[in-house]
Structure formats: C-alpha cells, structure tokens
Amino acid sequence: MDGLTLGKIHPTAIVSEKAVLGTSVTIGAHCIVYDNVEIADGAVIGPNSILGEPTAAYYREEHHENAALRIGKGALLRSGAIVYAGSRIGDAVEFGHRVTIRERTEIGAHSRVGTLSDIQGYCTIGPYSRLHSNVHIGQKSDIGNFVWIFPYVVLTNDPQPPSSILQGVVVEDFAVIATQAVIMAGVRIGHDSLVGASALVNKDVEAESVVVGVPARKLASVRDIKSVATGESVYPWREHFERGMPWEGMGYEVWAGTQRVPLRAHPRSAPE
Amino acid sequence: MDGLTLGKIHPTAIVSEKAVLGTSVTIGAHCIVYDNVEIADGAVIGPNSILGEPTAAYYREEHHENAALRIGKGALLRSGAIVYAGSRIGDAVEFGHRVTIRERTEIGAHSRVGTLSDIQGYCTIGPYSRLHSNVHIGQKSDIGNFVWIFPYVVLTNDPQPPSSILQGVVVEDFAVIATQAVIMAGVRIGHDSLVGASALVNKDVEAESVVVGVPARKLASVRDIKSVATGESVYPWREHFERGMPWEGMGYEVWAGTQRVPLRAHPRSAPE
Amino acid sequence: MDGLTLGKIHPTAIVSEKAVLGTSVTIGAHCIVYDNVEIADGAVIGPNSILGEPTAAYYREEHHENAALRIGKGALLRSGAIVYAGSRIGDAVEFGHRVTIRERTEIGAHSRVGTLSDIQGYCTIGPYSRLHSNVHIGQKSDIGNFVWIFPYVVLTNDPQPPSSILQGVVVEDFAVIATQAVIMAGVRIGHDSLVGASALVNKDVEAESVVVGVPARKLASVRDIKSVATGESVYPWREHFERGMPWEGMGYEVWAGTQRVPLRAHPRSAPE
C-alpha cells in the first residue's frame, strides 16, 4: 500500500549511502536510516522509523562515526521505531509502534517489544522474550530467554538516586513480571517466578516463587497456582503454554529433550 | 499554518486512492492514509498520523485487503495518531498526540483519548467517555458511557499470564478510575464507582462504591465523599459536573428526564 | 548525516516564514515549525518534531495567531518533540525522544526531559531539574530547581475527579521522586525529600524526609539513609553527587558559597 509496500524502499525514505540492505527489505515512508545500519533480508521497517540514531557523542565530536546497528532477517519493526547506532536486533524480532531502543542493546531472535516500550541501552534481552506495551528497561538490565514482561513494568538501576551507581536488574529465564511492577536496582528475578501486578520488588525473588505487594513478599510457589477454570496447575507456564514458542505443537518437555545444550550458559539459568 | 491548514490535504500527505474523504477534511503533513479509510466531513487529522494501519495479516497474505476504518464527522485526531484498519471512531471524538488504536475498536461519539494512550483493539468505548494521557486498554475491554479513566491506568485481560485466555474488563457507565490503577482481567467496575489512584483491583467493584489500595478494598460509598472546600457531596459526579457533557447548562437530572430510553441497553447499566 | 546534519535546516523540514531562527540552528528531517517560533543559536531540533503546535483555539478561531514559543540557546530536542505555542524552553535544555510539552510551560536552563514525558502545560520547571522517561506532569505543577523525577511518576491536579478544580503539585528544590510514585493534587513535596518508588503521596512531605508506601508514610530522615557500599550518608544528594550540576568539580558547599542570592526567591525554598 502507499506508505509501506512490501519489498520496496519508499521514495520518501532517507537512506544513507553507508547503510547495507539485504534482499527484499521493506522501508516505509519518511524513515531515516543513518550511516552504518545493516538491515538483513526480508526485514520490514515501518513508516516514520529512525534507524542508527546517533548517540550523544555525535553532537560534540566533529568527525563522529556511527557505530554499527544490525537489524536481523525477517524482523518486523512497526512504525515509529527509533533504534540507536550500536545495537543488535535479532532475526524475526517484532516491534509494536514507537519503540525506542538505545545503544548497546542486544535483543535475541524471535523476541517481541511492544508499543511505546523504552529500552535504555547497555542491556541484553534473550531470544523468545515478550515485552508488552510501554515497558521501561533501565540500563544494565539483563533479561533472559522466554521472559514475559507486561505493560508499564519498570526495571530500575540506581539504588540511591541520583548517584553514579548502575546496578541492573537480572531476570532469569521463563520469569513473568505482571503489569506495573517496579523492580529495584540490582534485584535478581529467579527463573520461572511470577511477580504480581503493581508489586514493588526490592529484594531477590526465588526461582518458581510468586511475589506480590508493596513491598513484594513471597506468597507461594508458582506450582500452587491453579486455574480457576480447570483446577489444574498453570505454572511453570512453559509446561502449559505454546503459542509462538519453539515447542509449539510438541510441548515443552519433548522440545527440551531435543536440545543438546542448556538454552543459555548463563548464571541466570542456575542448575537446579 | 504550514503543516496543518484547516480544510486542506497537505501536499506531503500520502493518501490512498481507495480512501474516501468527506468535505472540509483536513490532513496534516506527512500523514499516511491507507486503503479503505473513510474520513467524514470536517474531520481534522494532525501531522504524522497513520490511518488504516494494516493488521498483521498484511505481512503474510499476498492479496490482503484492508478492512474499513471510519473516522467520524468533526473528529480531531492530533498529530501522530495511529489507527488500524477495522475500527470505528465516532463523530466529534478528540485525540491527544501519539494515540494508538488497534483493530476492531469502536469509540463512541464525543469521547476523548489522551496523548500516548494505547488501545489494544477488540474493544468498545461508549460515547462521552474521557481517557486521559497514557491509558492502556487491553483487548476485550468493554467501557461504558461517560466513563473517566486517568493517566497510566491499565486494563488487563489475562488472568494467568501468559495464557490464551482473554477476559476483558467491564467498566460500567459513569465510573471513574484514578491515576495508575490496575484492573485485573475479567473484573467489572460498577456504575458511578470510584477506583482510587494506584489501586490494584482484583475483584468486582460495586456500583457507587469507592475502592482503594493494593489489593483494593471498599472504603465507602461515593456518596460519603465530601468536598474539602464546601463540605458537600461530590459524587456521583454526574450530579455535580457538566463541562463537555450533554447536560451542560441544564444539569444531569433535567437532561436525563429528556432521554426517552436508557443511555445504553447493556448489562453495564444494570437497572437500579 | 542524512536526516540531521548539524547546522543545517533539512530540506524536508517545513518551517514557517514567521519563525525566527538564530545562527547554527539544526532542524532535522520532516520537522514542522509553525508561526512565531523562535529558536536560539545552536539549538538542535531532531527529526519529526513539531514546534509551535497550535492550542485548541486554532480549531475554532478563524484568525487565530499562534502565541510565541522560544527554544533556548544550545537546546537539544531529540526526535519527535511536540512543543506547543506559548511555552519557553531554556538554554541548554535537553529532551529525549517523543517529548510532549503543552502551552504555558516554562522549563529552566540545563534541565532535561526524558523520552515520552508528557507535560500538560501551565506549569514551571526550574533549572537543572531532571525528568526521566515517561513522566506525566499535570497542569499547574510547580517544580523547583535541581529536582529529580524518575520514570512513570505522575503529578496529578484534581482532588475529586472529574471536577473543575485544579490544584497543582509543588515540588521544592532538590527533591527526588522515585519511579511510579503518584502525587495527589495540591500536595507539596518538601526540599531535599525522597519519595519512594510506587508511593502514593496524599499529604505534604516534610523537607528532608523519606516517604514510602500506598498511601505514603514517613519512614525516616533522608540523613538516616546510608550507602550499602560505604556505610556513609548519601542524602541530601546535593552533598554527594555532582555530574551535570553547576557544582561539578568543586562540590556543592563551595559552589553555594559563591552564590550571592538564594537560588530562587520562592516559597518552595523556604528558609531553614
């Protein structure tokens, strides 16, 4: 259609000669692609997006050179994306609208970042994670694989604001953080845990535990939560939910049995 | 003025030949209007807006046809609106800036949606409702008439995230939800009730009641709330506030007496 | 670079003949600068920004004239700024992306406003204040000098919503408001105080006190807070933090001794 035709670079898009575009790349109307952006095959960049946004150094250094930004194969960045130079967006990643990603952010393949989310840079998000709308990820956050973060969650990083200390939050694999929870600087959210909506989490959350409240306290094991509808357990969610996950159609257990190595050789996934 | 001249289509706007424009429609600079968008007489579309944004199906179906989007008469959508194909925006609706409205959303006449609000689609908002800045409305939400929702409120829809269950929130007529409240999936907010700021509402709220806290508990009847200034009751608000409402200048009671049928034949407005 | 070349007006920018530009002003691609905007020397306006956005009166008055908007020397407004006619942005102010500033807002020199922040107008922010991402400042707010406000904080203004009463929040100099706190209408936040994350503040906060919780209660004096790392006091922060402040390199005490008059002749800075 007129503002975004698949496989085409829109004539109103401003694309640097120093950008590298793969085959069948789509760039929508009014986009700006700065120097040293690499967009892999089949990626779709929605209208009004800015890729390779320069960091603050651009405004003070006369011969500033943009760090490389890579957008992976088949990624779909909906309109209004702003992605800084110096980040890496994995293959098949999907964005909502008006997503802002600052420098030195690495987002793993197949992850999603919702409308209005604001990722402050210097952080890592593993593959297959799901950040919903309007999530705020502070610098130095370290988010694992298969993590779910719901709207208006904030991951902070300064234990005594304002200070020069930056202690990022660690979110281990398969954790779920519900709407409007705030995670304080330096906290570790254990794998397969569930942080309740509106919780204020000021200390580490054990694996597979449920925490709620302001400040958050442990309520139960996630295994104690039963579906109101069926009376059966619903957590850890990976045993009960498949949509969009690599185990879709076969179930988590079968799929995990096909994986030769742990998902991630990382302290987030501590051995059980 | 140069980016938005009333009654004109800006020369930089990209408007599909399959869009249908009424008389005296204004479209600002850099707008994109996709196929099958109908904009009624006198509507104003601010710069940088995208109307008829295609749904995800566009990216996988070769011969995708955009569902219709209708923007009502005299609507004012400020700059940066993104409205998906397949929604209906009523007459005289007013948006702040950077509003995002997904597919299958119906917004009643004279309602307002504030800056940065994010309506996730598959939901209904009755006429004369007021959504302030940065409100997040989950899919399947059902919002009545004359409802007020204040900044950073989130209406959720998944009772055991992540799951495939979608249980929208119901907000009955004349309800007020204050800043940063979170409403859990499937909750019903009774008519004329007041949800306090920062509340976490995990069960139904009775009509005309005030709830506060995390989790929210009933504090009083709204009729118990007195103005600090005058000592008089201030709720239900429809009896004390008129600005922008159809009873402006005559009072709610007189106006209601002129209405032959209930505002909405809907379980939200349960008979009293 | 192609969308924003320092010192240049991008050819796709739409700039009113009634705008007044200083020397070495940068205006990025797709910007709109309406009538009566004055941009001082060396200011940088990122792509997709709208300056001098007309107020609601424009849509109903045939011969509407835009009120003046002034952008100070060396200001850096990152992409997607929307600033209304009738505001004043001080020298060396810095914005993140997609900041929205409504009419009659005055922002003091050297202040910063983060990505997605939404300032509703009719308010004042003193110099050297720091508003982080996604802060919502209600009309009639009065924010002092050297104030820190963290993500998703909301300053409200209606004590009995909806009403026609507007009671802005007052934030005195050097106060710190942490992530997702909500400040109720008419509350005064004392100088050098610290409002905890997720707090709901419904009454005045004494100078140098720490408040936390929903609703917020006084926990301690800020002087009781010790660094986990060093065991030493960290508040009032002005005695321990310098980055970007006018006392950088000399310390607050030395710098304050060089100031002949109080920072601000204002009730916010009550004599101690």
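First chain written, first letter: the chains are A, B and C, and each begins at residue 1.
Going forward, a contact is a pair of C-beta atoms (placed from the backbone, for glycine too) under 8 Å apart; a residue touches a chain by one contact, two chains touch by 3 or more.
Everything numeric here is computed off the predicted structure, so don't read it as measured data.
Engineer: So what angle, to the nearest 5 degrees, turns chain A so that its CA atoms land on those of chain B?
Structural biologist: 120
Engineer: Same or different for chain A and chain C, when you check if over half of the residue numbers at their contact belong to both copies?
Structural biologist: Homomeric contact, different residues on each side for the most part.
Engineer: List the centre-to-centre spacing of chain A and chain C in whole Å, with centres computed as mean CA coordinates.
Structural biologist: 28
Engineer: Would you please write down the residue numbers of chain A that are in contact with two or more other chains?
Structural biologist: As it turns out, chain A has residues touching two or more other chains at 30, 48, 80, 98, 116, 134, 152, 180, 198, 214.
Engineer: Given the complex with chain C, which residues does chain B contribute to the contact?
Structural biologist: Spelled out, the residues of chain B in touch with chain C are 1-4, 6, 12, 29-30, 44, 47-48, 76, 79-80, 96-98, 115-116, 130, 133-134, 148, 150-152, 176, 178-180, 197-198, 213-214, 225, 227-229, 234-235, 237, 240-241, 243.
Engineer: Spell out the part of chain B that touches chain A in their complex, as residue ranges.
Structural biologist: 14-16, 30, 32-35, 48, 50, 53-54, 58-59, 66, 80, 82, 98, 100, 116, 118, 120, 134, 136, 152, 154, 156, 159-165, 180, 182, 184, 198, 200, 214
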